[in-house]
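Going by the order they are written in, the chains are A, B, C and D; count residues from 1 in each one.
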Amino acid sequence: KRLRDHGIEIGVLNPGPLNAVTDVPGVRVGHTTLIKGDNVRTGVTAILPHSDNIFQKKVPAAIFLGNGFGKLAGYSQVKELGNLETPIVLTNTLGVATAVNAVVDYTLNLPHNEAVQSVNAVVGETNDGYLNDIRGRHLTEKDVLLAIENAEPGPVKEGNVGAGTGTVCFGFKGGIGTSSRVVPKEAGGYTVGVLAQTNFGGMLKIAGVDVGKQMGHYSDSFKYATDGSCMMVVLTNAPLNSRNLERLAKRAMLGLARTGGIASNGSGDYVIAVSTAEASRIPYVSEQLATSAPAMRNEAMTPLFLATIEATEEAILNSLFTAESMIGRKGHKIEALPKTEVLEMLREAGKIR
Amino acid sequence: KRLRDHGIEIGVLNPGPLNAVTDVPGVRVGHTTLIKGDNVRTGVTAILPHSDNIFQKKVPAAIFLGNGFGKLAGYSQVKELGNLETPIVLTNTLGVATAVNAVVDYTLNLPHNEAVQSVNAVVGETNDGYLNDIRGRHLTEKDVLLAIENAEPGPVKEGNVGAGTGTVCFGFKGGIGTSSRVVPKEAGGYTVGVLAQTNFGGMLKIAGVDVGKQMGHYSDSFKYATDGSCMMVVLTNAPLNSRNLERLAKRAMLGLARTGGIASNGSGDYVIAVSTAEASRIPYVSEQLATSAPAMRNEAMTPLFLATIEATEEAILNSLFTAESMIGRKGHKIEALPKTEVLEMLREAGKIR
Amino acid sequence: KRLRDHGIEIGVLNPGPLNAVTDVPGVRVGHTTLIKGDNVRTGVTAILPHSDNIFQKKVPAAIFLGNGFGKLAGYSQVKELGNLETPIVLTNTLGVATAVNAVVDYTLNLPHNEAVQSVNAVVGETNDGYLNDIRGRHLTEKDVLLAIENAEPGPVKEGNVGAGTGTVCFGFKGGIGTSSRVVPKEAGGYTVGVLAQTNFGGMLKIAGVDVGKQMGHYSDSFKYATDGSCMMVVLTNAPLNSRNLERLAKRAMLGLARTGGIASNGSGDYVIAVSTAEASRIPYVSEQLATSAPAMRNEAMTPLFLATIEATEEAILNSLFTAESMIGRKGHKIEALPKTEVLEMLREAGKIR
Amino acid sequence: KRLRDHGIEIGVLNPGPLNAVTDVPGVRVGHTTLIKGDNVRTGVTAILPHSDNIFQKKVPAAIFLGNGFGKLAGYSQVKELGNLETPIVLTNTLGVATAVNAVVDYTLNLPHNEAVQSVNAVVGETNDGYLNDIRGRHLTEKDVLLAIENAEPGPVKEGNVGAGTGTVCFGFKGGIGTSSRVVPKEAGGYTVGVLAQTNFGGMLKIAGVDVGKQMGHYSDSFKYATDGSCMMVVLTNAPLNSRNLERLAKRAMLGLARTGGIASNGSGDYVIAVSTAEASRIPYVSEQLATSAPAMRNEAMTPLFLATIEATEEAILNSLFTAESMIGRKGHKIEALPKTEVLEMLREAGKIR
C-alpha cells in the first residue's frame, strides 16, 4: 500500500488519477530489476517523456545539481542547449557508463537517426553498494535496453524495483517512488509528475511527523559519513522553457527537505526536469532559424513549484511505503519501514484521516 | 516568547546559549527600526562577522541564489573572490542603493582604508511594501550607519525590528528571527548561527504540523502572485572555504522548506554564508603569494549542513513567534501568528513537551 | 577618427551603417560627462533597448560574469527571470548605488508605473580612480537621469565621454567605444551592436598586431596587480531567449581576448546581452499564463556569436582610437594611444588597406 | 616542427624546457592511436597529474564549460567537491562511456582501492566523425587502459595521435598540441602546462595574422552549422584551490579566442584545470576534520592567467603545425595546414624572427 492508501495526505493540491509520473500524458516508465544469487541487487529505470523519436523531437529540459557528488551523465549539454534528446535512465553508480552506451545504441539505431554521430545520454544514479555487489558491475547494456523497451504508461511499479532495487533511504529500505499533482484550472490545469530513486539519509519525517527522531532511528549521516543520493525526475505537460524548468527542478529539493533529507556531503542529489508539452518540442532538423514555442510566464510558475514540492515529498515517501525488507551482499539486511509502528505515530499526531 | 520557550524543539542538535546568530563568537547584530506616522514601517539590520576592520581582514563567504528575484547587492564579487569585505546589511527592496552608499561610506572612512577605492557592499532586502510606504524611500544613509554602529553581541532583538519591521510571512506578521546550533564535539564542536528576515509565503508548518493547512490560512502564493522574499544569513566559526560555504548556504533553503516555504516565483530567497574562523581571514594586503588557511574537509560538512537546516527552520519560526500585529500603510493590518490557537494545534500533535 | 577610418578592418562580417550599437533599431545611448576642476573625471553612459516603458515591456536579457570582481547591480534577477526592466547604466565603481537610486527614481516615475514597488536596476561600472577622485563620489542622481534623458539614436560619441571619461585601457587612455555587425541574410540578417567601457589591461593587440609587446608597453597587469575592468553591452534585434543571450554574452569575452585582454584578477569584466526584438518583449502584466515568443534555434546562433566577437573587438579598439590624452587627479596623466606610431606598425604588418 | 621551431613566438612569457604540459613536474601523458583500415581514425589521450594513486591523493580541480555542447563525464562532482580522483582521459564523442568504464576499472583495481565503490571518471571528447567511423565505436576499454599505462613524462607526441588522431581544426588537420609557460620568479616561478585536443572552427589566426581570412579558408562554422569542439587541459604546480582553478580554466577560452576560435554553437569547449602542487593534495581518508593547504591569493593569479592564455594559444597552434594530412572514412581527406604558404604570410607580417 502507498502512503495515501493509509489515509495520509501530503500538501494541498490533488494528485492525478494514478498519483504517478505517468499522469503526465505520454510519459512511460520501464524497469529492469536484477536480483541474482546473494549479491546482485540492482537495476535500471527508464523514463520516456514521449513516444516519438526523442532525438528527432527533443524536449525542453534542465538539471539542477542539488548536491553534485554523483556521476550523472549528460549535465553540461542539457545546461547549454536546454533540451533532452534521449530517454532518462537511472541505475547504480558504477553502471552509468554501461547505461550511456546502451542509450547511445538505442538512439543510433532508431529509424531516421542513421546519420546521427552525437548523442547526449542522460543517466542518473545512486550507490546501492551496501546491498548490491556494485564493484562486480553486473549491469549489461541489454538490461538497460530492456528497461527502455518495457517502458509503458499506466501505474508505475514502486519499491524494490528497477534502479531502486538495492537502495536504502533514512536507514530503511528505499527504492522507486512516484507521485503527481494537478494544478488548479485557473493556474493552467497542468500535471506535474515526479519519480524518485531514494537512497539518502537524514531524519525521516512523514507528513511532518518526526518519525526518525521519535524512533531514535536516524542514520549517522549527520556525522562523519558520505553515503546517500537521491535522483528526482520531474515531468510536466506545462509548456516551460529550460530556464523555468531549472527553477522547477530546484523546488524538488524543497520536497526532499520536507521528508527530512539533508543533502549530506556524500549524497548525490540531482533533479532532472522536462516539459512534455507537444508545442514545445524542438525538432532536430528545421528549415527555420527561429521558432515560436509557448512558455509559461514567470508569474505563472508558483503553482507548478508547489506541485513539484508536494509530488516530490510524496514520491519519496511512497518509495519507503512500498519497499520491502531485503537481504543482499555479504548478508547485509535492510528492513522495510516498520509500517505498523509508523502508522501509529502518524495516528497519534492526527495525520490519518 | 520564542518558539523554544513554549517547549517546542526543532531538530536533534542543541542550540548555543543564546540560540542566536550571536552564539558564533565575535558576531554582532544591530538594528535601526523606522516606524513613523501611519506609513513608514521599515528598517535596517546589520550583521558584522567580527570586530576588526572587515575590509582589511576579509572573511570567506558565499551567496546562494535560492530564488534570484531580488536586488541583493554584492553577489558577483563574493562569487568570484570567495570573500566578504563589509558588514552584511538587510533592508527593504528600494533601500538597497542607499544602504550600499552607507556601507561604502562606512568602509572608506575606517582607519587604514584611506587609499581604498573599491568596496563590495553586501546588502540584502525583502519587500515590505504592504505595510510600508516603500515608494516613499524613507531610509537614509544615517539609518544604515546607525544599525552598523549599534551592532552588539549578546541576545538579538527579533520580530518587528530592523529590516523585519514591516515584513509579512505566511500571511502573518514576519520579521527578524534567529537561532543557532552547536555540532557535536567529534564533528568539531562548531557553532552555526542563522539570522532570517522573513517576508515570504507558502503553507506554514511549525515543527512539522500543517498549521497553515489546518487553519485554511495559506496565502494565495501558490496561485498567480509574485510577492515574498526571505534573506538568510548563516555564520559559523567552522573554518570553511567559499566552496563549502556555498554548499552550506544551499542547505538553508532546506530549512526554509521545512517551514512550508515554497520559494514562489516572486520570492527573492538568498542565503549569505560566512566563516568567522580567525585563521581563515584574508588580509587585504599581504607580502605572500600563497597562504595556508585551515578548511573543513568535504567529508566533515554534513553536521554543519544539518545545523544550518535546523537553525534556519527555527530562526524563521522565531520571527513569527516574536513578531506582533502591525497596522501600516493605507491602514493595512497584518495579524501576528495566533499563538493560542497554534499552540493548541501543536499540543494536539504531541509537539509540546 | 575611428579604427576603420584608418583602413583597418576587423573580422569578416560587415558593420551596420553607423558601426555602432545604435545600428540595432530602437537603441538609444546617452552620456553625461563630468569633468570638473583638476580631480573630477567621470561620468555616466545610459543604453536604452527601446523607446517604450522598459518596465512595462521588459526585454529578454542575460549577464555573463567574465570576471566578477566588480559591483554591477542587478545580476541575480536578470539571471533568475531572464529579463531586463530598466535602462542599462554604466558609471564608476563607487557611483553604482547613486545610479541605482536614479534608475529606480526614473522607473517609479514613468507613467503607468504608479503602483510599482520593485525595480531591478542594471548598473555596471569600472574603476576610474586613477584619473578621477573616485572617493569624492561626485556623481549625482541628476547626472544619471540626464544621461537617460539625453539618450538618442544615431552616431554614438566615443572616447573620453560618459562612463569612459576617466578610464585607462592597456595603459593608454580608454573610454567608450562601439561597433556593430550585420549577419548574412541567410543567417537572418540581424544586427549585433556592442558598446564597451574600457578600463582594463593586458598586452594590446590591434587587428592581431602585437602593439603592446612591440612597444614594450604592457602594463604590469600580468604581475601582482588588481586594477582594470571592462563593461560590454551587447544588443541585437535577433529574437533570443535568455539562455542564448547568455551564450552570446559569453562570446564578447572572446572579442576582448583578441585585443590582448587577459581578464586579470582585478578586472571586473561583465557582459550584458539584450534582445530588442519586438515580438520577444515581455509584458509586465498579462492575462495569459503562457506566451509564445519567437526565439532563434541553437543551431542558428553561430553567426551571432561571430558578430558579437568582432563587434566587441572593434568597439574596444574604437575606444582607444577616439580617446584623447587626459590629465586628472593628482596630476596623473594618461596618454592617448600614439596613433602615428601604431599605424606605422599596422602598415608594416600589412593591416592597412 | 612545432610553431616555435619556425621562429614564431606567442606572448611574452617563456615556455618551460619542453614547451609541453609535461613541464609541470610529475605530469605524464599517454596516447593510444587507432588507425585501422579505411575508416578507423580515432584514439585516446590520458593525462595523469601525478604518479601516485590519484583516488587516494586527489588533486584540486575545476572544469569550465566554455560551451557545453558535449558529453564530458565527471563535471558535477568536480564542481561540487573541487577535486579530481582519476586520470583525465580524452577520446571521441561516442567513446566516452567506454573510457569511463575503463577509468573505473583502472581505479577499482589499484592497490588500496579494494573497498572503493564510487569513482568519478573525468573523460572529455571531441567528435572525429568526419574522418573516423564514429558510429562503429571501435574504441575498447583496453585501448583506454593502454593510454593510461603508457603515460610518461618528457616530450609529448603531437598532431595525429591519441584523441587527436581524427580531428579537424579550422578546416585543416587538427590533433593534439601542447605548450607551457613559466611565470616570473617574483610571481612564484610556477609552470602552467596546457594540452589541447583541437577539433573546432572559426577564422584561423596565427600569432595574430589572419591566415584564415587571407586564404579565404574559413569553414562555414559561422554559418548554420554545428560541428567542432576543443578540449583543453590545464595543469600547474602552483597551489590553487578549486575556485581559482575555475578562474584559470576560464582564461583558456581567451587563448582559444586568439587563434580565431569562436566557440560555435556546436563546439563543445571544455577546460579542465588541475593543481599538481604536492601540498594541495587531498587524502581520500583522513583522521582530521580540517586541513591546511596552501593556496595562491586572488591577487597572485594574474600571471597564471596570462600563462594559461599564452600556453593555450600555442598548444592549439602546435596541434596544427604537427598534424599531417589524413584520409579517412568514406575517403574524406583533410589537408594539413599548408605550412609553406602560412609561413610566408607570417614572414610578411613580420612575425618570424
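Convention: a residue touches a chain if its C-beta (ideal position, glycine included) is under 8 Å from a C-beta of that chain, and two chains touch if they have at least 3 such contacts.
Keep in mind that what you see is a predicted model, and the values were worked out from it rather than measured.
Peer 1: By mean C-alpha coordinates, which chain is most distant from chain B?
Peer 2: D
Peer 1: Please tell me whether A-D or A-C has the greater number of C-beta pairs in contact.
Peer 2: A-D
Peer 1: I'd like to verify one number: the distance from the centre of chain A to the centre of chain B, where each centre is the average of its C-alpha atoms, in whole angstrom.
Peer 2: Centres of chain A and chain B (C-alpha means) sit 32 Å apart.
Peer 1: For chain A versus chain D, what separation do you get between their C-alpha means, in angstrom?
Peer 2: Result: the chain centres lie 35 Å from each other.
Peer 1: Quick one: report the Å distance separating chain A from chain C, using the average Cα coordinate of each chain.
Peer 2: Result: the chain centres lie 43 Å from each other.
Peer 1: Among the residues of chain A, which ones contact at least 2 other chains?
Peer 2: Those would be 67, 69, 80-81, 187, 224, 247, 289, 298-300.
Peer 1: Per the contact definition, I'd like the list of chain D residues that touch chain B in the complex.
Peer 2: 80-82, 187-188, 238-239, 241-243, 247, 282, 286, 288-300
Peer 1: Taking the complex as given, what residues does chain D use to touch chain A?
Peer 2: 65, 67-77, 79-81, 93-94, 96-98, 100-101, 104, 108, 116-121, 127, 129, 134-135, 137, 224, 268, 270, 289
Peer 1: In the complex of these two chains, what residues of chain C are touching chain D?
Peer 2: 11-13, 66-67, 184, 186-187, 202-203, 205, 207-210, 213, 218, 221-226, 247, 250-251, 253-258, 261-266, 298-303, 305-306, 309, 348-350
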